[in-house]
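Every chain is named by a letter (A, B, C and D) in the order it is written, and numbering of its residues begins at 1.
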Amino acid sequence: MVKIAILGATGYTALELMKLLLRHPHAEITALTSREETAPVNIVHPSLTGRLSLRLENLPAEEIAKRADCVFSCLPHTATAAIAPALLDRGLKVIDFGADYRLDSADVFKKWYGVDHPDADRLGKVPYGLPELFRSKIIGASLVANPGCYPTSAILPLAPLLKNDFVEADDIIIDSKSGVSGAGRKPSMKTVYPECNEAISAYGVGTHRHTPEISQILQTAGGKEVKIIFTPHLTPMDRGILSVSYSKIKKEGLTQEMILDTLRNFYKDEPFVQIVDALPTTKDVIHTNRCHITSRIVGGRILMISVIDNLIKGASGAAVQNFNILFGFPETTALL
Amino acid sequence: MVKIAILGATGYTALELMKLLLRHPHAEITALTSREETAPVNIVHPSLTGRLSLRLENLPAEEIAKRADCVFSCLPHTATAAIAPALLDRGLKVIDFGADYRLDSADVFKKWYGVDHPDADRLGKVPYGLPELFRSKIIGASLVANPGCYPTSAILPLAPLLKNDFVEADDIIIDSKSGVSGAGRKPSMKTVYPECNEAISAYGVGTHRHTPEISQILQTAGGKEVKIIFTPHLTPMDRGILSVSYSKIKKEGLTQEMILDTLRNFYKDEPFVQIVDALPTTKDVIHTNRCHITSRIVGGRILMISVIDNLIKGASGAAVQNFNILFGFPETTALL
Amino acid sequence: MVKIAILGATGYTALELMKLLLRHPHAEITALTSREETAPVNIVHPSLTGRLSLRLENLPAEEIAKRADCVFSCLPHTATAAIAPALLDRGLKVIDFGADYRLDSADVFKKWYGVDHPDADRLGKVPYGLPELFRSKIIGASLVANPGCYPTSAILPLAPLLKNDFVEADDIIIDSKSGVSGAGRKPSMKTVYPECNEAISAYGVGTHRHTPEISQILQTAGGKEVKIIFTPHLTPMDRGILSVSYSKIKKEGLTQEMILDTLRNFYKDEPFVQIVDALPTTKDVIHTNRCHITSRIVGGRILMISVIDNLIKGASGAAVQNFNILFGFPETTALL
Amino acid sequence: MVKIAILGATGYTALELMKLLLRHPHAEITALTSREETAPVNIVHPSLTGRLSLRLENLPAEEIAKRADCVFSCLPHTATAAIAPALLDRGLKVIDFGADYRLDSADVFKKWYGVDHPDADRLGKVPYGLPELFRSKIIGASLVANPGCYPTSAILPLAPLLKNDFVEADDIIIDSKSGVSGAGRKPSMKTVYPECNEAISAYGVGTHRHTPEISQILQTAGGKEVKIIFTPHLTPMDRGILSVSYSKIKKEGLTQEMILDTLRNFYKDEPFVQIVDALPTTKDVIHTNRCHITSRIVGGRILMISVIDNLIKGASGAAVQNFNILFGFPETTALL
């Protein structure tokens, strides 16, 4: 039994993670931290009543190390990097839900996050936790940077196109739509029900922090510089991301069927990626760890259309997938 | 042109009021107050862009009196009663959206609101602004207590039954369902989108402050003591209230058609109350000042089923209706 | 491995059932029937892509008997009773999602469903599949009448009150609110998105077919005649039922805490029933097989407030729970 | 008083039109047609109870001509073109909500709509009813082609860019998101509540019929061939369209402020178009005839972001605007 601590357990990704881990035959949740709450977890998350009877606690690294073998951190950016070294030093494995270890460059981090990185030396050495692309690097790691939700939805369909040189790398537009749980659980004027119900809006246009993450990973995947325009939208639903990308065809004579076949082949051994013919809806995948992808050619561009659950494949499910890899369990454990 | 000041202009009822008044040929909005905001109103309410170009201001009573003939107060409870006397002394008319002048008794007020009433002497002398029942008292008044949203939805269908002695007055159950805008615009954990989307819950069971208001007004209407059980629910929609009441039949031989006829006759001259045959949905009346009512007899009880828009007939529309009465305009002005 | 056939596999309860059974270590889905569709199941239910690769087929009883040990029937009323005898004769076990075997009386069936019962001799001998109340009767049965969604939500909180003689049995009001999936998947004007979004309405007032089912089962539980008024509502959400019942207190001196303790004791060994202190929301239990219940005393009445997922505890989860009992698996298998 | 007939009065655009016209001081609705319904209009549209007391009728052109001066046609494509000539011959004015007279070419019509145009000679001579661009052509017309909802949302922000040669005309991507009312009121599997609630999906990718309409009108506006990629999405909300377009900058040195200033100047006399600084949400404009537009420059492309209400500025409000122009009323009558 692997003992698990979850840092920052009051939010939606932590809740989803707990629900998944409660189904895991080899994981036991032993500590839940919060800087503000000390209530039993079922007071903060009533859906856990009768399922988990821990309290939230404000715990230092030493105490966490005593109680857990593996830490999932749902802390805000820089908070994980502030505590991760102490946990790693004590031999724990750490899966970070945040952005602290996703970018390779401390400069890029500072540019987009506005602060100095607290653990800059580790940047570039931490595997990006998208097993479909980086499984071999995750195996044996002690720290994994769990991907952002938008990046997962955008990278899975685009990486094979770039690897196969099907599209121009410097003219990719990604238009993504996310459910409101992506904005977190903390009350704000933006997420009050009557503000975002019956409403759709673009936000973070040109400034969303997932932009450099998507570029960097696609660049790694494709081997050449990638330029993207990324526009996220707040959509009136709890969960789910739909990403539509528009890339300029580079390879002549490419057909829709060739693209779909290439993707089918690329992901043929992946249990969580399905290449589909019909246009998918987010509802096809919410509450699962799956990604459905299809493609269309329109007006000289390749449209890739993909759907995931932002809280599962875009966060907690991917984290459990990484956990399974780190500890040698079958990768689909607790995820089917 | 009647000059209008709106106190507490940042919320949803104020927004709805402004939209209605912008259609009123004899009203001009001249002042908007807020204790916190000083921005142009279209920054706080982007839907007013190009429609109203006032700023929010923190104004004392003297200044309001200089700029306005009539004040609509959307302030929280006790705040209106703290400023109303000064406005009335200066000759303004005041329509209070809050509960300050709805109850007749300072003791009842203290019991349910937990504080002493700042202007207790006026209690019992202020007309309750439900024109369908109290029009004659509103005419000529200088201060009107605009009804609560749940009370309007419950009182309109029940008052005729009590006046006609159709039902037992001491055994009335009211089960009401409201859209989330009824909870106001201020962010809170209860109204964050992913908390109340895809969810319905009862709240304030046995403790909601509209309980004594409904009892008192039904008592006034029916002439005998009324006992109610009132259960409100938070429903995943922006606006609308559906109230279903269950009353014990008192009058023998009563049929559904007799009840509907009695109501049709009772409200025959009312432009905003419709007695309908089919079961109504809140969607039939949202974005209008209308109330649709029907009735069924089931298992020895009369069920009254009514729908209103909580922000219009339940708040701002009723306020404009009262405004029209106070200033002698046709009652439906700006409300059709 | 128990081989499973699902009859009427195009709807929402069948989809939910398939998702649950795919997690069951001892169940294998081997046949899916439909009278209209012959497509692969993932065309009809895209969320099953890569998870189940059967086609829908129009199969006679003999063929079903060859392929399956256990049949879950999601067919409309009378259709299960038309095929069940042939399946039972061939030694299969049958779990009926419909109403065919829930009522004890063919006359009551005819009164509420408007048709003669095709298998009337069996009525009164089939266990009602609510394990929390009738587990001993389900064990060893070959046919189980899976409960209706509203009845489950209403019976679980009320049965202990009636058994303990806490409330008057002849004056119970049940006001229930359900998500739209309860209305099925077939397109109709009532369930078109813009008709039921942003809208709540009562329907089937005094006429809903779950009325006699609730009465009969509560009567069985409490041992005396029960009279209910039942009002269901269509609520703008996918799934979830909230039921609030209002019963007159019979036992003097009863307190809220005594009621909660009684229920806690009554359900102390039940893995899927939780007695909670705070008012629950449907969101606490959707996507689970759980029922959360609380109680309040208001104005001389006991209010019982309960929430379930209409598709799981109200249908497919309960069916799997019954399946586990019928075949001797731990009752929570595939349901946690 | 202009007498109005509405053809195809059972749908959502007709309902919205009736609500607008009921506020119009110079319009009287005198006939409502339907091929299927003959009920009073308030049975089909309960929200009109007490507001309009006509019945739906199946009326031939001669009868319509006797009762009306102006016809608003909400009929499906080709149905308006089948009856319009008879109405025009009798001196009526006709405003077509459908696509019959929007395209200039019968060949393009046949390509996208799959049928021959029943009144092809008129194509190219009917003004496109977007007053902000074609007001002078609408004045004095007897037939107006009311624009499609997506085209209005896309053309208003893009036309000024093309007229000013700010962007490349052959590389424009338009990603639009619409509420479900845009799919009409007829029940279908696509629009059943639980299919489209909590779900977003792209549809009609590369094939949506508004594609040639947008291209043609932008070409007319900009004077050069326009190539667009247009992707519509079904969004879980009743109404509202958000369109985000991505165009390649042509003019060097262009700044965001220059673009916004150009648009402000372009639309400075238009009562229904607002150029805003902040990113708009559909909620800013639903239930109004307004369009809010902003712009951002990202990665060498101009993003135009616009919002409208698909049923008002995208259909019925625009129709009333055209009606006001045709009959010489102030253009904002009944629309503020």
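Criterion: a residue touches a chain if its C-beta (ideal position, glycine included) is under 8 Å from a C-beta of that chain, and two chains touch if they have at least 3 such contacts.
Since we're looking at a predicted model, the values are computed, not measured.
Chemist: Give the label of the chain whose average Cα location is farthest from that of chain C.
Modeler: Using the mean of the C-alpha atoms as each chain's centre, the farthest one from chain C is D.
Chemist: When the contacting C-beta pairs are counted for B-C and for A-C, which pair yields the higher total?
Modeler: B-C
Chemist: Express in whole angstrom the distance between the two chain centres, defined as the mean CA positions of chain C and chain D.
Modeler: Comparing mean C-alpha positions, chain D is 46 Å from chain C.
Chemist: Chain A to chain C: how many Å between their CA centres?
Modeler: Chain centroid spacing, chain A to chain C, equals 36 Å.
Chemist: What is the distance, in whole Å, between the centres of chain B and chain C, each centre taken as the mean of its C-alpha atoms?
Modeler: One centre to the other, that is 39 Å.
Chemist: Residue numbers in chain D touching 2 or more other chains?
Modeler: Those would be 179, 195-198, 236-239, 280-281, 283.
Chemist: Applying the document's contact rule, which stretches of chain B touch chain A when the two form their complex?
Modeler: Listed in rising order, the residues are 12, 179-181, 185-189, 191-198, 236-239.
Chemist: Report the residues of chain B in contact with chain D in the complex, numbered from low to high.
Modeler: Touch residues, chain B against chain D: 22-23, 43, 46-47, 49-51, 198, 271, 274, 276, 278, 280-281, 283-285, 287-288, 290, 292, 336.
Chemist: Which residues of chain B touch chain C in their complex?
Modeler: Touching chain C from chain B are residues 173, 175, 177, 179, 195-203, 205-206, 227-229, 231, 233, 235-240, 242, 244, 246, 279-283, 286, 296-299, 301, 303, 305, 307.
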